[in-house]
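Here subunit A shows up in two complexes: once beside subunit B, once beside subunit C.
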Partner chain A sequence: MPNPKSIIHRLRPREAALFFGPLALVFAVYYFFSTGFLLYASVQRISMALVNGRWVGLQNFKLLLGDPRFLTAFVNNIVFACVSVAAALTVGFFIAVTLSATYRAKTLLYMVFLLPALMPLSLVASVFRTMLETRFGAVNLFLNDVGLGWMAQSWLIDPTFAYGVVIILFVYIIGLPILYYTANLSTINTSLIESAVIDGAGTWRLFVEILFPIMKGTHRTIIVSTLLTSFRAFDIVFFSTGGGPSGATEITGTYVYNFSTTGTNVGYGSAAAVATLLVTLVLSGLHMRFARKDEQR
Partner chain B sequence: MRNSKLAVFTAVLAASGASWAMAADKTKINFWTWAPPAPVVDKAVAAFEKANPSIDVNVTFLESTAYQDRLPLALSSGDPVDVAAVQTSSMVKLVKDYLEPLPELYDQYGTAPIDKQLAPKALDQAKLLSSDGKLYIAPMGTLGSVVAYYNLDLMKQLGLTVPKDRAELAAFVKTIKAKRPDLVPVAFTGANWFLDEISDTIIEQGAPGWFNKLRYNKGGKFDGPDFKAGFDATVGLYKDGIFGKDTLDLDYGRAVELFQQGNVVMFLQGTWEMGALSAPFRKTNGLKLNNVTVSPLPVMVDGGKPAIRSFIEVGLSVPKNSKHKAEAMKFIQFMTTGDGVGQWGDTLFVVPSMQGYKLPNDIFSSEQSAKDYGVVADLLLNASSDRNNVSDFSNVVGDAIIKSITSGTPTDEQAKYLQGEWDSGRYSNAL
Partner chain C sequence: MNPSHDFLYRRRHERFAMTAFLVVLAALWAIPLIAAVARGFAFNGVQNFIDVLTQNIGGVSLLRTYLNSFVIAIIHALVVVSVSALAGYGFTFFEFRGKEALYHLVLIFMAVPLTSILIPLFFITREANLRDTLVGVALPEAAMTLPFGVLLVRNYAESLPRTLIEAALIDGASHRRVFLDIFVPLSRPALINLGALSIMWSLQDFLLPSLFLTDVTQTTAAQAVLRFKEVLGATPTGIGRYNASLVLLAVPALLVVLFGLRFITQGLTAGSVKE
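So, the complex of A and B:
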């Protein structure tokens, strides 16, 4: 007896439209309308009330591209993204493989690594900020108490250290890449690993020359999702360093936020948001292209 | 039995009918605001309703940032708003087309013309905001920055007095570091906008009126000697250890917390924190500090004078589409020049705009606090420049100060950079 079609495949176009119509309408309002309005605002000189705007064409974009702060914010986005990706592909991969082979306290260890990624990022960043205060922060107080006061630094005031703090925060939330790797590892044919071990492959060769190449699809998913996440990591930067000191750790998200909330030049902030959106669209497009190529193979 | 039941039923019907008739006689007005704090607003509204039993006030209270978005949209959508508190920034220009000019309403419904009730400087600043010279808002009061708050108990223990200038402040800090290294001599939020406030105050000490010249395009510039002197003086305070670099990572709430916990001797902020001087305010909000005073920022430039930048805050207005303008005007007068001022006046978040208003002295816990408050209030009402900030640009100036403190970027380079940014058209000064 042939397999019965699933309910989705049995729906006729009219019924499908009735089922998905409401959701599509909500999607259209919140995504297409809001994106359209963002594009509209980006070519206006317009205030927070979003009324009485004045058409300025591409002037906002010209000003944007001439602002060294925006370019610095963009570069910071790329740097933080690259660090996150590197950490995910190395540390995340290593932890996932190790945990999948570990039997004792496996659940506890998974919780330890996944918890930071599952908690609200604003909370994680705020706690880090409080701990890293120069005078009253827990880190410096501890270092002073154990006789390592010479190691106490102005973690959030010195631009170099502040940069390092943000990078550590980005690395700290590699729980999701670990999840992706763990899910992929569970689908790997274990006989492959057994054969390698029988043939004398050491741990390093197993990791680097057998497991790592097999998981190419997962690497690509992690690279793109981590890149896109870094462009949305507003809360990590805002609640830790605030984009400071003096814009040293600013990303495009905090840059847009400053113009959209503290001033009335919302049109300019919208232009910055559109520029960021275009970059993320390009990244998503690349991902879809590579994914389609792999499917065709 | 049947008759008594009927009598009870009739009595209940009559009472319901009477209360319905009373409710029908009552006028309900809608009041939108974000300040003062909600409990204070509720207290003032309750007092108004008690004094005016035929008027009910329905309050829509929103947090400041949300209010900036919601009020303009509510007015443009024709929502029923009878009294709208307007933020004294670019919001006035945004919404003025939906508001009634107030002098005419005061003439029609008020007890006296508006210029006989509110301070002239407050009204001048209100007219400035509308760009057409008309008066659309009745400001509740005036606030400003930067001022210094002192923990008098700690100062008494350490044998200190309120410093008047840079040299006295340096000695003040040195004494605290020597005798009580656990205390923070001077604390404030290290946020970029506040460093700009400090810098602007110091510039005004040496060049009164500089900010107005810059803000209103009357020749003020960053790339000039007045700004550079103030910028240098601000950065110099960190270089000489008077302000600690280790406080640059304090956010607003943390700095307030440290002061209220008694870990800080001198705390810098705007006058909107003057509630700490008010005994009723401290009691209502559970503040543990008992003895606090305030003073203008010590003079940080040679030959300078105490200065402050001030501006009106919380401007009450009547939208054109209000159907209860008479009642709305009654409420505005109550809140700005009537008994309502006594309901919120002890929060000290603004100095009331009411002409001839005097705070009851019993809200202060010492004669010194009362006297010092008077000095600051006087300075506020006679400020050398308006605190009419370009908020997005404040952040840029503050960041330039931080960069000079942490990385040693020269003042001339920063001044040139800031002038370029100011002229770029990127910020809301260009709107």
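So, the complex of A and C:
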């Protein structure tokens, strides 16, 4: 007689349809079809009407890799991602640890840091944009009021400042790393810290030699999720600088968006999309591999 | 960490310095929030907020955008929670070949950036005649959230008492019954967390509504920003009302975050721990 456990856990066709059918349907339509569509369109010259495509082989990809604007977008993506990660591991870590050792106004402070990350990014970026407007923006008005009018700038028109603005926005949405650190801090065994204190470790050493290494797993979660978020941070750039001035702050998201919505050559847009998709899928695959290794350990 | 953590900053001057630093950072973070609210009162004071709430701006009624956003968010949450619950159960309580491979295939799509599949999404929505419908926005949103949903539900399901489910199955209950009568009630905490997150994420979405909803009466709150900026953002007197509209457009998301914060934080951390 076969083991009853294996019988009750056996997946029969009816149950497969019930439990996995809906998921399979959504995935088939929205992911598998989409991926196939992109792969197909990326080797065609084809318009948004999606008829009369002409096979052009890898030409779209060659054009893409030869477009300095795409390369800028890609490099910007990496730069913004690195800034976010660096900010998360330093400022975010510090805020989370200090917050958890604070008594007063803990919830209020926590909300102030968390809220920007949980709001629609289109609104957050729009607020930044209107604050930095040259003529009526709050920043320039404030500088004029306090007699520092000479410091007022066209923040969003100057490429260097615009770049800085986007970087500040990426740092501004630091809420999720703080949330992850806070959650992990609550699971730490306090006796470890107590014994370190008894041994005479100062605040700095507690931070650097004990707390930071303990949270290795959280660091990795944060690094990967922040990297992936940066590829999805379309709204931030679109609503603050719009990718400008002249493509200086463009990221892959805004680049693909421009070719997807206005481009007459959908094939080219698809090639850009395929390139982005590949990078993110590889990142995600690497992450899952690491995660599994950790679990086995 | 326990509140007994005086050790972290034991010396008085350290405590003082750290608190001061934290307060300065918090002040910096609060500046944009305060500036938006303060600028909302420019020129006309409270009247700005009243105008934005009661008048149509560029054909868009703010209150209507709230309704549209919430309808999409609710449909999105219902689809995500039910499909994730089914698949989460399936991945936990069935044994079959290739299960883990399939599970990882699902998870890997968590990373897909929405912008990169815009063209096919546009095609699918057009062919399915779902343009200019709220469902047409909610469905692709649900597809984007599902990988996370499956992860969240499975993580939770693995922690449930397996013997309870097995006992019911051995007694002859069908998987459908076990799912409805035992699994769903037991998983309620995880499903509520997922629902709260789904609503929040849907309220954040700008791209899909702006792509698929061309009718101004269907505009969502996150999408309306663009319209309001065109109409109000250009003139100096409009800036007050524009800022007022930015503040008011944030209200639905703000309410969800304030009332659902516990579920949102639980859901996010549960999803990150065992990825």
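In this text, the second predicted complex is superposed on the first by the 281 of 297 C-alpha atoms of A that agree within 3 Å, B and C clash if a C-alpha of one lies under 4 Å from a C-alpha of the other, contacts with A are read in each partner's own complex, and residues count from 1 in each chain.
Following the convention adopted for this analysis, a residue touches a chain if its C-beta (ideal position, glycine included) is under 8 Å from a C-beta of that chain, and two chains touch if they have at least 3 such contacts.
Small disclaimer: the values here were computed from a predicted structure and weren't measured.
Enquirer: So in the superposed three-chain picture, is A:Leu283 touching just subunit B, just subunit C, both, or none of them (first/second/both/neither)?
Expert: second
Enquirer: Would you sort A:Gln153 into first (subunit B), second (subunit C), both or neither based on which partner it touches?
Expert: Once the two structures are laid over each other on A, A:Gln153 reaches no partner at all.
Enquirer: Go through the superposed model and pick first if A:Phe19 touches only subunit B, second if only subunit C, both, or neither.
Expert: second
Enquirer: Can A:Thr72 be said to touch subunit B (first), subunit C (second), both, or neither?
Expert: neither
Enquirer: By residue count, which of the two partners contacts subunit A more extensively, subunit B or subunit C?
Expert: Ranking subunit B and subunit C by residues of subunit A touched puts C first.
Enquirer: Where does A:Thr261 make contact in the superposed view: on subunit B (first), on subunit C (second), on both, or on neither?
Expert: Both partners.
Enquirer: Shared contact residues on subunit A for subunit B and subunit C?
Expert: The overlap between the subunit B and subunit C interfaces on subunit A comprises residues 50, 130, 133, 135-136, 261.
Enquirer: Contact residues on subunit A for subunit C in the complex?
Expert: Going through subunit A, the ones touching subunit C are 4-6, 8-11, 15-16, 18-20, 22-23, 26-27, 29-31, 33-35, 37-38, 41, 50, 91, 95, 97-103, 109, 111-113, 115-116, 118-124, 126-128, 130-131, 133, 135-136, 138, 172, 176, 179-180, 183, 185-186, 188, 190, 193-194, 197, 203, 206, 221, 225, 228, 231-232, 234-235, 239, 252-254, 256-257, 260-261, 266, 269-270, 273-274, 276-277, 280-281, 283-285, 287-288, 291, 295.
Enquirer: Within the complex, which stretch of subunit A touches subunit B?
Expert: So the residues of subunit A in touch with subunit B come to 45, 47-52, 59, 63, 66-67, 129-130, 132-136, 154-159, 242, 244-247, 258-259, 261-265, 268.
Enquirer: Hey, which residues of subunit B end up touching subunit A in the complex?
Expert: Residues 65, 68-69, 72-73, 76, 89-91, 94-95, 184, 190-193, 244-251, 254, 258, 390-395, 399-400, 402-403, 406-407, 424-428, 430-431 of subunit B touch subunit A in their complex.
Enquirer: Report the residues of subunit C in contact with subunit A in the complex, numbered from low to high.
Expert: 1-11, 14, 18-19, 21-22, 25-26, 29-30, 32-33, 35-36, 38-39, 82-84, 86-87, 89-90, 93-96, 104, 106-124, 139-140, 142-143, 146, 150, 166, 169-170, 175-176, 179, 200, 203-207, 211, 221-223, 225-226, 229, 233, 236, 239, 242-243, 246, 249-250, 253-254, 257, 261, 264-265, 268-269, 272-275
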